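Heads up, the next two complexes both have subunit A, just with different partners, subunit B and then subunit C.
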Partner chain A sequence: MNGRALNLLGLGLVAVIGIAFLVLIPRLFELDVVLELTVYMIMAILALSLALIWGYGGILCFGQSAFFGLGAYTYAIAVFNIGESTIPLLLAIVLPAAFAALLGYFMFYGRISDVYLGVITLTVTLILFNSVNSTAGPEFRIGSARLGGFNGIPGIPPLNFPGNKASPIDLEGMFYLATISLLATYFGLRLLLASRFGRIIVGIRENERRAELLGYDPRAYKLATFTIGGALAGFAGCLFANWGNFVSPTIFGLAQSAQIIIWVIVGGRGTLIGPIVGCIGIQWLTTALGANQPSGGPDWWAKIFANAPLILGIILIAFVLLVPKGLVPTLGDLGQWLLSSRGKRAKTRLEPKRAEEG
Partner chain B sequence: MDLVALLAIQVLYAIASLALISVGLAIIFGMMRVINLAHGEFLMLGGYAAIVATNNGVNIWLSMLVVAPIVVGLIGVVVERTIIRFLYGRMIDTMLATWGLSLFLVGLTTAIFGNTTVGISAPLGSFQIGAYRTSAYTLFVIAVAAVVLAAIFAVMRWTRLGLIARGTMQNANMAAALGVNPPRVYAITFGVGAALSGLAGAVLAPVSGVFPTIGVAYVAKSFITVIGGGAAILTGTVSASALFGTINQIATFVTTPVFGEVALLGAAIVLIRLLPQGITGRFFRRGL
Partner chain C sequence: MTEPLLQTRDLSMHFGGVRAVRHVDFSLAEGELRCLIGPNGAGKSTFFKMLTGQLQPTHGHILFRGQEISYAHAHEIARLGIGIKTQVPSVFDGLSVRENIWLAANRIHSRAQTKRVVDEMLERVGLTEAAERLVGQLAHGQRQWVELGLVLATDPQLILLDEPAAGMTHEEVHKTAELVREINRTKALIVVEHDMQFIRMIAKQVTVFNQGSVLVEDTVESIMRNPQVRDIYLGKQAAA
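Let's look at the complex of A and B:
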């Protein structure tokens, strides 16, 4: 089987699993499970946004949660002011994208190197966190929406069917919306990466100088990638604000940013399915560890296993040191090695290894 | 007039505390090119070390100036030996691993000390400037920063250890060829950087209190100070602290502390855009 066929097989497999998931889950499980899975789907879209920027674009963004939070806040503020949710949804995509474009222009056209880029995105996230956190007073309002500071904004009106304010999307509808959005994002990104644009951004990631000498402007391509990533993260933020009907400044927090990076690094940089797997796996793990403590168990159990930073920290260190490529590429390598080691053994018998030359 | 004097002390204090929290990171970043995102947690550990020691009957000055640096320095050496040394030359991976370490330390201290602020009261009382009173501890922090910076200068400039450190920093391969053992220099450097962070965390603990996530408040500020300062450890830290500290304090004075912080971070972004090599990449190039 050649690479192209494998590729198509993979795509088909994802489509089949996705559709089966979409159709079966609400029929098989109670609403609480569906609700839990909805947030996994939303976070998976967020994971894909960083998978594009970092995994394919080679831009390490420590502040992906800035765009996520901006999307959530934009939606919340706009929907309170407008009432109907179609325009707020669009704003929640456009505004983070514009912010990403502005920040990206500043960073890429300033030719700021990788590491500094990480620090700047981190700093921007902290600025947003600090600013929004301190808007608790009643004087901080945009139109009819109170920003609420560290208390957050509760009771955000849900999305409605476009143009029809009277028919909001219910909880099950949110599951369908989130899952379909995730599938659309996945296939959309696959298409994007298979296009000329996708090839060029991967080329720039591999060797920026060479790409530039071949006549491509890395700054423009990076900026475009960063902007698309910002738009996707904003969209995920909008869905998230809908899911809980609530948004608070912790959405900008470092813990949130760290999580996104951990999903991508656990799943694997340079793949799209990896970050989705990583995201769902980690989310499930932290929820399960926190929720399933034995009743009457020892006190330290909760202190260790219900302690998300502790667990996430260990996972991050372990993956960087031991599985730096991430799960999906490592499993792929393993599969390839198993397949080829047989073939290789047969081959070596046929043609003895030539003596090393020079 | 009194107000001007008070403001001057506040500005000096802002500069001193920035320099204090950044200098450990500057040493680690400047010498080893390692971005230590667990830096804030080293400061936090310093604070806890001082408070736990004080609460167990150790003299407060002893626990701040001796116990905290030693404890955090040892932790730093352990971290370097178990995590960092596998990642030299992989800057991004070091960043990620130390971020993991930072989360781990936050989780660990939350498990041990709980999620509440602990504190010790600042010693030394207060003194009078005209119509205003201000804490004498402020002056102590300024003095500690001055002593630490002077000590680093003396060690770097006049001792054999400083010579070896500067040599390794400029060209590790050449230093190795001349008989220096770079891994040992790196372990010591990381330990010293961590110890200084521990000291800073302990000295600032009576001012701010200590809680597991306090590192977040420090880490961004110290990073932009180091990066804004550029390649030269000492000159860079001092010049960037002077710039950012002044901006922070004046913006705080005019508006609110939160806006002061935002002004500091915003100024840093503009500075990095204008001087990507930091202040010492353009000015004071011969500085230490």
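Let's look at the complex of A and C:
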């Protein structure tokens, strides 16, 4: 089978699974499960935003949570002031994108090297965390929205159908919205990566100097990629604020920003499906471990398994050391190896990785 | 006399106290093929890096068709029509040969044209068979060809080749020399090379660099006979 056929097969598979998931879950499960899965879908969009800029654009952003949090806060503040949710939704995409563009402009056009890029983005999200965290007093308000500091903003009005304030989207509706958004984001990014733009950003990731010597301006391409990633993260943030009707500064925190990177590392850089799998898998595991509280007995195993951060830490270290490419690329290699050893054609192992793969 | 294609005036590059290139006045006519030779550290690669915007000169000027490009960005210079094949092949190792050439051809061609140009270029550099393989898995000689294909696919007016025959078999060297002569029918080239056999195959005019300056500029025959050049560079091997 050639690369193109495999590619189409993969796309078809994702579409079928996605639609089955969308249709079946609300019919088969209780609302609490649907609610849990909704937040997985939202976080998976966030994971895709980093999959694009890090996995394909080669930009290690340690502060993707900055755009996520900005999206959530922008939606919350705007919807309290405006009431109808269409403009707040758009603002929650545009504002983080504009912020990413501004930050990216100084980083890329200032020729900041990769390591410092990580440091700067991490610092930015921590600055946002500290700033928003210290706005607890009643004097911190934007219009009719109180920022609430470390208490966060509770009771955020949900999204409504565009233009009709009287018909808010209910919990099941949120599941549909989040899942459809995730599918749209996935296929949208696949299209983007198969386009001229997508192939060029992968080229720049592979060899920035060569891309430059061919006449491409890497700064402009990186800035555009970074901005798209910021917009996506902002959109995910808006959905997240809707999901819990609540947002607090921890959304900007170190734990949140590190988690996004872990999803991408575990799932696999340079693919789109990998970070989705990594994100959903790790969140599911975190929830499962959290639910498994020790009953008070001297059972050491139960205590260890109830310690979610410890288990997640072990998983991360295991992945970095043993499966450095991540889950999906490694499974892909394994599948190709099995195929080639069965067909006794060792050379198929050398099949190229296409830019639009994954 | 017509305007030269490329001209440098008093071009210098200092790295701290090290003066890698000193007061170089260099001129290349339209359609010319020039070889640059000189011992290691003579400043040839630094000179190339300044011509392509990878390094900004400490002082002096570079003019391409009369246009000042001394402080332009690398991508701007590439867009003006200067292409370079670097000493260590600079290619997209993680991508297929076809994708590599596509990235180059795509910059100047429309979508439909690009596909045709890529196929032609693969044929021209003899990599049609290997088109779907990852460049990182190819032998050094083949990666050199990929890079040559990349550079040619952007259709530059001036092509800089930094040691194009390095790491190639005798047969490949001949093939490269043939290709260089073919390219020279329509484009100007500057070639840095150590392999004297190769230079004899392609060169007419040779410029010798030594310690950052131009030592002498002459025809290939005179350069071979020049005792000064022999002393600094060719050694006894060529004299024998």
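Throughout what follows, the second predicted complex is superposed on the first by the 325 of 358 C-alpha atoms of A that agree within 3 Å, B and C clash if a C-alpha of one lies under 4 Å from a C-alpha of the other, contacts with A are read in each partner's own complex, and residues count from 1 in each chain.
Basically, a contact is a pair of C-beta atoms (placed from the backbone, for glycine too) under 8 Å apart; a residue touches a chain by one contact, two chains touch by 3 or more.
Since the structure is predicted, the reported quantities are computational estimates derived from the model, not experimental observations.
In the superposed model, A:Gly215 lies in contact with subunit C only, and not with subunit B.
Once the two complexes are overlaid on the shared chain, A:Pro309 sits against subunit B while remaining clear of subunit C.
In the superposition on chain A, contact of A:Ala166 is made with neither subunit B nor subunit C.
Touched residues of subunit A, counted separately for subunit B and subunit C, are more numerous for B. After overlaying the two complexes on the shared chain, residue contacts for A:Leu60 are found with subunit B alone; subunit C is out of touch. When the shared chain is aligned, subunit B comes close enough to touch A:Val115, but subunit C does not.
By the touch criterion stated above, A:Leu338 is placed in contact with neither subunit B nor subunit C.
The intersection of subunit A residues touching subunit B with those touching subunit C, taken from the two complexes, is empty. Residues 35, 83, 86-87, 91-93, 95-97, 99-108, 110-111, 216, 220, 223-224, 227, 256, 258, 261-262, 265-266, 268-269, 272-273, 276 of subunit B touch subunit A in their complex. Of all residues in subunit A, those touching subunit B in their complex are 60, 106, 110-116, 118-120, 122-124, 126-127, 130-131, 133-134, 254-255, 258, 261, 265, 300, 303-304, 307-318, 320-321, 324.
Those residues of subunit A that touch subunit C in the complex are listed here as 3, 196, 199-200, 202-203, 206-207, 209-218, 350-355. Per the touch definition, subunit C reaches subunit A in the complex via residues 52, 54, 73-75, 78-79, 83-84, 86, 90-96, 99, 102-104, 106-108, 111, 132-134, 137, 150, 154.
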